[in-house]
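Below you will find the structure I want to go over with you.
Order as written gives the chain letters A, B, C and D; numbering starts at 1 within each chain.
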Amino acid sequence: MIANTLTVLLVLAGLVFFAAGTAGLLRFPDVYSRLHALTKADNVGLGLVVLGLMFQASGPADILKLLLIWVLVLAAGTTAAHMVAQRTWTHGEFESDR
Amino acid sequence: MSPPGAEWLPAGIAGLVGLSLAVAVLATAWPRQAHRIGLLGALAVTAWVLVLSAVFLNAGPDPETAATRVALGGWEAPLGLMLHLDGLSVTLLVLTAVVGLATSLYSLGYVHDRIERRQFWPLWLWLWAGLNMLFLSGDAFNLYITLEVVSLSAVALVAFTGTAAAVSGAVRYLLVNILGSLSFLMGVVLLFGEHGVLDLVLLEARTEAGPTERMAAVLMTAGLMLKAALFPLHVWLAPAHGSAPAPVSAVLSGLVVTGSFYLILRLWLGVFAPLATPAFGILVGLLGVGALVWGSLQALRAGRLKSIVAYSTVAQFGYLLVAFPLMLVDPGTWRVVVFFTVVHALAKASVFLAAGTLQHAAGHDRLADLGDVLRARPRMVFALGLAGVSLMGLPFTGGFIAKYLLLEAGLGTVLAGSVIGVLWVLAIAGGGLLAAAYVLRMVAPSFQRGRADAGETVSLWMDWVPLGLATVAALAGLAGTLTLNTLALTPGAP
Amino acid sequence: MNGLLVLFDLVLLAGIVGVAWRCLASTDLFRAVVLFITFGLLLALAWVRLEAPDIALAEAAIGAGITGALLLVTLERLRSIMAERRSGRPHSPPPDPTGPHALLRALHDPLPEHRTFLPALTFALVVGGLLVTALWHQPQSVGLEPVVDAHMDVSGVDHPITAVLLNFRAYDTFLELAIVLIALLGAWSLGRHDLIPARPAPGPILPGTLRLLVPVAVVTGVYVLWAGSHAPGGAFQAGAILGAAGILLVLARPRQLPMAPGGPLRLGISAGVALFLLVGLYGLAAGHGFLGYAEAWAYPLIILIEVAATLSIALTLVALFVAGRPAGDDA
Amino acid sequence: MNGLLETVAHTLAPGLLYPTGGAILFALGLYGLIRRHHLVLRILALNIMGSGVFMVLLGVAARGEGPPDPVAQALTLTGIVVAVSATAFALALVVHLTRLTGHAVMLPGPPDDDAPVEDISREEHHADGGPADRASSEDRPA
């Protein structure tokens, strides 16, 4: 019961971060601030969702898998953000971005 | 006591699939020897098909199912996949073997560049294996997969010369093929959703004329008509077939298109049989008349030899549509239709091969400037003429017997009091006249006076194979009774 | 709870259809491709809702991932071809729709886009409407679930989808491998490959991440392959994951693709099909039927085939990403 | 009233909702295929049509109470792999076509009298090596 409540609360908190990140993606003016909103919100939001789901895991193996997913998304997201930012820095923004 | 050989039949059927696949895989993995593997493979597959059909004709089909069915991996339908051999598949397998062997021999001379040989042979052997599997498949979803094997390798063969015309034709051909496959697959999904089985025999036992069957019939037939280039869904054919290398054109016009048509026939003889109504038959027949007229007119105004041949495919397939309403009146007509397809495939392949030789010799295939080469190469003129005579349907050729039987069926409907039957009879007779006109266009320059210049030398294979295949096409009439009797060994065949 | 799920289904479907619509209506190719990748990921969610985790995995890895990478590299190639042409010789104009044979060509060729609106709309509405009608009139069929279930104990594996793919309908799966191979042969027949026109990313971040990700991808691929015998996963998903790792490696050094030796590469791409065929022919000779296994040997043979298939699929997907044939193949 | 509610509830069951969505995707892809001329968009349209087919298949398999039909799911997996193969090949063709002609839209078929047809059986075409190297020197006459 407590585990379920914690799960719901943590996942909901994670969703708030996702919503904020999405709003930032849609509303912020340039690539850099959008990346900032997106990656930060996704990292924390996904962390909270993963934390919440850990209470539903059936064993340590599941918990490890969930953690692994989080770490991998962090690594992939960081690299992608870096590359998008670097491309924008050297080549300028896409026309359709403005 | 079953006749000799019957116990080997199932292993022989699965073995044919295995053999044609093994040849293709070997050529893929070892492209340096692909042409040698291809030649040996072609001979082996042809021999296997001939022995298999002899055993099948001797032993006869399983009396219970009226066909010989093989459960792959030992899993019977509905769980597993069944291979299905009956008179219809035997006929088309033999046709494929004959045209395939001729094309392989011809390609030995035609594709001689070292790098192109490495590209051509594996793709061609995959195409051949795909066709064999298509004719043997007895499962709706497996048919979709074999269709994809056939169409992807066919498109690759159209494109592999890498010229703008060829690649442009191939892109068009690929999009059409994917669309046709998806339409077919949607039909399969509908049937599976309603009946929960994929095996064609089981499906046939469960179908009745409901909304699912109607929609599935529309989707699957339209998809296959696209692939078979049946009028009015034929517009992709001339660019693809006309710009491909000669052996590829021969296989496309002779076998690939025939494969899709085979599937339409198979479905309407079995699963969709309850849906055929006279009004539907008349609609199809009218499309056939349109195909005959339009395709012939295009062939009459085309300026390139290969374009003429490509458009004549559109026209000749009109006969198959015209025959549809006749089938509804006299169900036995379907055997004549298959016989016609066989003769057409043989004749069409030899015309394309002959056109390839002439193009090689002259360096182009513009009809207006081909006279010199035609005059210097009587053997090619003879091959063109012999195959053309079969396409026209002059007496004593296979084409004559096929058209005679079609006309007879048409007259039968007229005598039975059908007014529209007059149109079918006129179309069949008129189509022959139009065919005579465009066939004469192809060979006419050789009768005019002028310079004779053999042009580039051609290899022995390219010189003799078209003539040999044309002779087979002309003599196919002798095998008419055998073919019709073989076809009678098909489940549910009237 | 049920009502919420229905609401979720409706929102998801609306999203899928909406994204597909925006993708097809887009005038910007890059935007269309990004929307298509989004479409694939949303589809994966739908497959989860339809209790098809295997398909969701495959859709995310193959449908969205690999297809997305192929589409993006195609756009980059088209862009660099165009740039080259613009700087070099004059651009040949697109085909002229009017001209001597305008009417005849209209039969062959697509009409101008603005003239296709009504016919296309009517056609699509009729086809869609008929489909929906047919679907709504379908009775519920039992399907093949009970039959498969009854044979699970003799299939050699514990996961029904793997049992269907590699035992009951192994012929389909074999031909599917063949189709992947034929697509590659087709792409190779068009010509030799050129370097991938990607802009190399300077700095240590990408190589560093790859050093981390590629081993993880290999482990994940092997895990997904192994899991396939009793849980969602299998050769195709594993092949796609390994293929993605290979594509990342290619992308990291676009200016210096490795010189692949012809012979071993050919063997690698055809290994899956070849081994599958050998096992199939052995089954025929041993009396279990073509592509059949003795019950005791089913599990090891299935695993053997899956390993070879995974390697071939991964290799073929990377080769399809690079497109043309490597110079080594002509030797 | 009750009958109407029942119909709505029945329609919204996943086993009917998703097949309907699949039919819509199929029709949408068909529409896009006819409307759009750029070949990459046409390929996307065909992929969307294909996803529609898979959605119908999986939706139909999930109808009813029991576990979903594993055969339908296996068929879908096969279909997805076939689709990605065909897409990869189609994209390679489009790139090649663009390299030869400069545009990625459908060209008219060879008009009968002036289309160059490559004859690979003749020697002189191979002075420059294999078919691959011909790409830059060949173009379609406008």
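As a convention for this text, contacts are C-beta pairs under 8 Å (C-beta built on N, C-alpha and C of every residue); 3 or more make two chains touch, one makes a residue touch a chain.
Please read these numbers as outputs of a predicted model, since none were measured by experiment.
Shared contact partners of subunit A and subunit D, listed by label: C. Geometrically, the chain at the heart of the complex, using CA-atom means, is D.
Of all the chains, the one whose CA centre sits at the greatest distance from that of subunit B is A. Taking each chain's centre as the average of its CA atoms, subunit B and subunit C sit 30 Å apart.
Taking each chain's centre as the average of its CA atoms, subunit B and subunit D sit 25 Å apart. Chain geometry summary: the mean Cα position of subunit A and that of subunit B are 56 Å apart. Separating the centre of subunit A from that of subunit C, both taken as means of CA atoms, is a distance of 27 Å. Shared interface positions of subunit A, i.e. residues touching 2 or more other chains, are not present.
Residue positions of subunit C touching 2 or more other chains: 108, 131, 135, 138, 141-144, 148, 168-169, 172, 176, 179, 182-183, 186, 189-191, 330.
In subunit B, the residues that reach two or more other chains under the touch definition are 115, 119, 141, 145, 148, 152, 155-156, 159-160, 162, 167, 186, 190, 192-193, 196, 235, 239. Chain contacts here follow an irregular pattern that is not a line, a ring, a star or a complete set. Here, these are the chain pairs in contact: A-C, B-C, B-D, C-D. Residues 107-108, 130-131, 133-135, 137-139, 141-144, 147-148, 151, 167-172, 175-176, 178-179, 181-183, 185-186, 188-191, 266-267, 269-270, 273-274, 277, 280-281, 283-284, 288-293, 329-330 of subunit C are the ones that touch subunit B when the two sit in their complex. Considering their complex, residues 19, 26, 33, 39, 42-43, 46, 49-50, 52-53, 56-57, 60, 69, 71-72, 75, 78-79, 82, 85-86, 89-90, 93-94, 96-97, 100-101, 106-107, 109-110, 112-113, 115-122, 126, 129-132, 134-135, 138-140 of subunit D touch subunit B. Partner subunit D is touched in their complex by these residues of subunit B: 109-113, 115-116, 119, 141, 145, 148, 152, 155-156, 159-172, 174-175, 178-179, 182, 185-186, 189-190, 192-193, 196, 198, 235-236, 238-239, 242-243, 245-246, 301-304, 306-307, 356, 359-360, 363-366, 456, 458, 462.
Across the interface of their complex, subunit D is touched by residues 6, 9-10, 13, 16-17, 20-21, 23-26, 29, 32-33, 36, 39-40, 43, 46-47, 49-52, 54-55, 58-59, 62-63, 66-67, 70-71, 74-75, 77-78, 81-82, 85, 91-95, 101, 105, 108-110, 113, 116-117, 119-121, 123-125, 127-128, 131-132, 135-136, 138, 140-146, 148, 160-161, 163-165, 168-169, 172-173, 176, 179-180, 182-184, 186-187, 189-192, 234, 236, 320, 323-325, 330 of subunit C. Contacts from subunit C toward subunit A in the complex involve residues 28, 30-31, 199, 201-203, 205-206, 209, 212-213, 216.
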